[in-house]
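Each of the two complexes below includes chain A, the first together with chain B, the second together with chain C.
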Partner chain A sequence: MRVIGFLLQKEFLQIFRNKGMLPIIFIMPLIQLVILSNAATFDVRNVPFNLQDLDRTSLSENLSEQFTGSGYFQLTGESSTSSQALDVLVGRNADLVLVIPEGFEKELMRGGSAKVQLIINAEDGFSAGVIQGYTNDIITAFNRDLIPQLPGSAVAAPQPDIIVRSSAWYNPELVYVDYMVPGILVILVTLVGLFLSGMNVVREKEIGTIDQINVTPMRRYQFITGKLLPFWIIGLGELTLGLIIARVAFHVPMLGSYWLIYLVAGIYMLVVLGMGLLISTLTDSQQQAMFIAWFFMVIFTLMSGLFTAIESMPHWAQNMTLANPVRHFVDIMRRVMLKGSGIREIAVPLAILTADAALLITLAVNRYRKVSD
Partner chain B sequence: MKEWSSFVGFVVKEFYHIFRDRRTAAILFGMPVIQLLLFGYAIRNEIQEVKIGIADLSRDAVSQAITDKLLSSGTFVLIKNLQSPAEIEGAFRSGAMSEAIVFEPASGKEIQREGSMDIQVITDGSDPNVSRIVTGYTASVVRDYLSEAATTIGAPKGVVPVPLMMFNPGLKSVYLFVPGLMALILMLVSALMTSISITREKESGTMEVLLVSSLRPIQIIVGKVVPYFLLSFINVVSILVIASLVFGVPCRGSVVLLMAESLLFIITALSLGMFISTITGSQQVAMMISLGGLLLPTILLSGFIFPVASMPLPLQVISNVIPAKWYLIIVRAIMLKGASFAVLWQETLVLAVMTVVLIGASLRNFSERLQ
Partner chain C sequence: MKSAVLVEGVTKKFKTVTALSNVSLKISEGELFGIIGADGAGKTTLFRILCTLMLADEGRAEVLGLDSLKDYRGIRSRIGYMPGRFSLYTDLSVEENLKFFATVFNTTVEENYELIADIYTQLEPFKKRMAGQLSGGMKQKLALCCALIHRPDLLLLDEPTTGVDAVSRREFWQMLGRLKEQEITILVSTPYMDEASLCDRVAFLQDGTILAVDTPAGITGLFTAPLFAVRANDKHKLLTHLRSYPHAGSVYAFGSTVHYADSRSSISTEEIEAYLLDSELQDIKIEKIEPGIEDTFMALMKTDKENLHE
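This part shows the complex of A and B:
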């Protein structure tokens, strides 16, 4: 126990001695949490919109007013030819061009229907889909008022109307921040834990101090404990600061229990640190260690379901994410904080994390030999 | 002449440094390819499979027809026939389903009698993104059903929108994400590599050796960057080949322009790495800044996944200092819209100015160290 105590003291001294490192460990991640949580939103607002009204009748004007008055679109200009419309889209001056063809009103009044063209910038397919949804809403509402005045509507049977009432539980306003803060916090804790532990042993190798440790009578488990405990404490400290920020600055609800979060976080940190340590013992230079850590970090982040849904991935990729610890912790954090899930509801991901932790720590301990090669 | 040959010697030494370490070299070339392949398939916005539960309290022809239409669309998978809305809560909490559809009792008779009916779509809002997408899918299925019903009874259709999806008719998110992945991979690899390689010399003390050599500071810096520049260029080429062969992302504009812009972006990223290495003396700090400090901002503020235009105003302002944002605009415009340089000169200028500022600042920091 005393041996571990000394090693702990050494590690903490080394971390806190490096003045450049402290703000990077504690301040940089938290600033990112505060700033970036607001960036992650798929809301589509104030779509720049260009009008091409070739009909110029009261009905066409009425329709274009529905667009400008909807709050979704912002009129940025008018065009009169299709090549002009294309230029507007390429030059990023509009994402939607509404083309009302000549004879629009006449056709409606005579035949009961007329087409309008919606040219949408679909570079971003998702936003394009949302924009199309907005236009559908506007035109459906417009038709509801218009159709009774059209010829033929009196003779036909009344048109059925189905109203879809949608409601989102746990987050009725669909606030992205509530959903993003727990996830981004997980990434930041992982980032710090993985990089610090990944660089640690290999750094001693690079400087040569590992030999000094190897010749001491210290046992393997003591060494590993002494190496991991400081980062474990730092990781949980970071999580605590992040949870305070989530509460105070973002008002993210906390429906579940903090104890559960800390239980999971304690196990999760072992996974992260075990992995960092394994990388560290497998590599010969900090540079190598960092590339490998970076490689996994990017994969873990993008395949965690944090930014894009796991449900969107092909099946093989969905299965791959089962091996991603970040995915499970993000999932647990969101469920516990936003839905109040208890330990029984998160049993499966928690079991996977526990197994991961046991596996990685065992591997790392076995890989570390008290001899230099 | 002598100076030149010692410079060449220095560059050759740098190449040896990189390739001597087989593992690092393999990672540098292999990693971007693996990541692009993996993410190109996995990072999508379309939802393949929406797990739904249906509580059909009305049990009539209309609710049956809509249920059939939903399930035959291929997107919705019925997980559970809910007996009552009370079962929804449990299914959401365990994550078993993401949407519940409730047909209110007697809705079918209502639709025939009064011409209106209610369907409740309840989604798990703890994922607002999925929630929004699946609500949209459901609404569009219902809208299709309605318009088919209207056609059968012969009512006038009113205004019929004809959408035209420009540049990406299939609304594929691959088209959006592949350019973003290019920016992310190039940015991180380039910045990380240079910042480490320079601080490494500082830490091991060999920087002093270089400084007392006949090489001038600018030559040392350029010599450090040249190998990584070539390496990154090879990465750009392999990424573009994969993008077009594997993912079928078109390049509608000029390939030469795309290459030139990519080179400019690589130089920006390399100078950022250089700048990081001049403000710190330890590899650890350099790595933490270039990895921990660049990863999330590059993903989140560049418009890679989340549209910049939707962000709150202060963040839109901050996003302007992220080089990847400008590169992304350029790449997407060239590849998808076939834009020419005349449209993109402003974005290019921003990247160029960033590069000049970063190089200037690093040179100043670097020569200060000399005294």
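This part shows the complex of A and C:
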């Protein structure tokens, strides 16, 4: 125990003495949390739009006002021909062109149906879908509220409709920050755990101190405990810091139990540290270790469901994400924080994480050898 | 006398390179034993096998009476190893490094302080300084302290004086002499010939093979040919001329002079001078000298190479 204690003391001394490391551990997560959670949003707001009003009547003006007054769209210019409209789209001065053809009012007054054209920039399919949804809402409302009041309207009385009133559960105001922050906390903990532990043992290899350590009677379990425990502690400290910021700065709700979060995080850190140590034992330089850790980090993040919904991935990719510890922890964090899930509800992902931890730690410990060939 | 190190037929290969081939060695307890060899001769490989960091392909090694395979754990707590490359924590202070190594060997600095006191007093003024900021000589002293802190019975020093200035080197060897008085067996490797004469016995390692094992005096005794130190105004020309002399033995530059060994047993300086006068060399000075350890080593290397080519 005395040896492990001293090893811990030594690791912490080295970490806190390293002037480049401290900011990485404490400042970087703060910055990332603040920037990512505000920037990474699916909200589509203030879409620049171009108006091509060829009718120029009070009714066409009324329709375009519905667009500008919705808060989703911002008028950036007007065009009079379709080639002009295309130029605007290509030049990215607008993502939406609303074309109101000549005779729009006349048609409606006569009681017939009029057509409008919507040209949407669909480079980003997701945003285009959202824009289309907004425009549909506006036009539906226009049809429902305005047209029946027109003098020549054929539809005198509103038809009995099925009206859908939706309300979002667990995140009633659809605050994206609430959705993003729990996930980003996971990424931060992963980043710190994977990179710091991955770099650490390989650094001792690089500077040759591992040889000195290996000729000592220190046992393997002592060495590994001394190497992993500091980062386990730092990881949980990092999580605590993140949770405080989430609460104080972002007002993210916390419906579940903090104890449960820490239980899962404690197991999750073992997964990450086991992986870091495994990378450390398989590489000879910090550069190699860094590259491998980075590779896994990118894959894990992209396939975690943090930014893109897992449900919309192809089937094989969905199956692959089952092996991704980040996915499970992101999932658990969201469920516990936003839905208040208890241990029974998260039993499956928690079991997977526990199995991952056992597997990776065993592999890493077996790979670490005090004797070289 | 009991042997501290016993090596029998050890062979170690790295892919295509044979680092050690059939090496056998016996070092007695309390000896200051030197392993002399050029870079790449296999010194470090031998050390790594002895300190249980590496496994030999063939042969066996016994360290302090313990088998290097079965009792590696027992060996580790009784040896002090100082790798060739400075490998202490550069971001820990002198004091912290020492304390760390004491702890991992389950001892304290105080317990064995008298053993290192002599060396550590020189480091004491810098004890708060980071190990990475010490001078080369100071680093070596700290590394030696760390290797000694658990009072090992055998000290394995792999090129401890490489890259250290002449004064620090001399001091370092004086320290080794004092440690020997404490009955610690010391195995030290070095590429410097002059250090060989400070050992009780030396082994010459060349291309993974031991060429000779003897006391420094015994080694020089192997050199029987008459040896001359020759000087002239143009050293390069002098070398080529002497090498083309039909009776030439080994010929090589030695500082500002050229050491020339003749293959005939009796020869005078005049004969060589007469040969050299035919050339355009001037200011020729020839002097008969006693062979040093380096001369012997050069000669051993030469004969070894010739034997290989035969």
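The definition used in the following text is that the second predicted complex is superposed on the first by the 352 of 373 C-alpha atoms of A that agree within 3 Å, B and C clash if a C-alpha of one lies under 4 Å from a C-alpha of the other, contacts with A are read in each partner's own complex, and residues count from 1 in each chain.
Criterion: contacts are C-beta pairs under 8 Å (C-beta built on N, C-alpha and C of every residue); 3 or more make two chains touch, one makes a residue touch a chain.
Just so you know, these numbers come straight off a predicted model, no measurement behind them.
Chemist: Using the superposition on chain A, decide if chain B and chain C clash or fit.
Modeler: Aligned on chain A, chain C fits beside chain B.
Chemist: Check whether A:29 is in contact with chain B, with chain C, with both or with neither, and answer first, second, both or neither.
Modeler: Once the two structures are laid over each other on A, A:29 reaches chain B alone.
Chemist: Please work out whether A:54 is in contact with chain B alone, chain C alone, both, or neither, and reply first, second, both or neither.
Modeler: Neither: A:54 stays clear of chain B and chain C.
Chemist: Tell me which partner touches more residues of chain A in the superposed arrangement, chain B or chain C.
Modeler: After superposition, B is the partner touching more of chain A.
Chemist: When the two structures are overlaid on chain A, which partner does A:3 contact: first (chain B), second (chain C), both, or neither?
Modeler: Only chain C; A:3 stays clear of chain B.
Chemist: Looking at the overlay, does A:44 come into contact with chain B only (first), chain C only (second), both, or neither?
Modeler: First partner only, chain B.
Chemist: Could you tell me if A:18 is touching chain B, chain C, both of them or neither one (first, second, both, neither)?
Modeler: A:18: touches chain B and chain C.
Chemist: Output check: A:314 vs chain B and chain C. Expected answer is one of first, second, both, neither. What do you get?
Modeler: first
Chemist: With the two complexes superposed on chain A, say which partner A:184 touches: chain B (first), chain C (second), both, or neither.
Modeler: first
Chemist: Just to be sure I read the superposition right, which of the two partners does A:335 touch: chain B = first, chain C = second, or both, or neither?
Modeler: first
Chemist: Let me test your reading of the model: by the given contact rule, A:212 touches which partner, first (chain B), second (chain C), both or neither?
Modeler: Once the two structures are laid over each other on A, A:212 reaches chain C alone.
Chemist: Once both structures are aligned on chain A, how many angstrom separate the closest C-alpha atoms of chain B and chain C?
Modeler: Nearest C-alpha pair, chain B versus chain C: 11 Å apart.
Chemist: Starting from the residues of chain A touching chain B, keep only those that also touch chain C in the other complex, and list them.
Modeler: Dual-contact residues (chain A): 18.
Chemist: If you look only at chain A, which of its residues touch chain B in the complex?
Modeler: 18, 20-21, 24-25, 28-29, 32, 35-36, 38-46, 63, 86, 89-92, 108, 111-130, 132-133, 135-136, 139-140, 142-143, 146-147, 150-153, 156-172, 174-176, 178-179, 184, 187-188, 191-192, 195, 199, 203, 283-288, 290-295, 297-299, 301-303, 307-309, 311-315, 317, 320, 331, 334-335, 338-341, 345
Chemist: Per the contact definition, I'd like the list of chain A residues that touch chain C in the complex.
Modeler: Answer in residue numbers: 2-3, 6-7, 10, 13-14, 17-18, 207-209, 211-218, 370-373.
Chemist: In the complex of these two chains, what residues of chain C are touching chain A?
Modeler: For chain C paired with chain A, touching residues are 48, 51-55, 72-73, 76-77, 79, 81, 83, 85-92, 96, 99-101, 103-106, 146.
Chemist: Under the stated contact criterion, what part of chain B meets chain A in this complex?
Modeler: It is residues 21, 23-24, 27-28, 31, 35, 38-39, 41-51, 62, 66, 88-89, 92-95, 98, 111-112, 115-133, 135-136, 138-140, 142-143, 145-146, 149-150, 153-173, 175-176, 184, 188, 192, 196-197, 200, 280, 282-285, 287-289, 291-293, 295-297, 299-301, 305-307, 309-312, 315, 318-319, 329, 332-333, 336-339, 343 of chain B that touch chain A.
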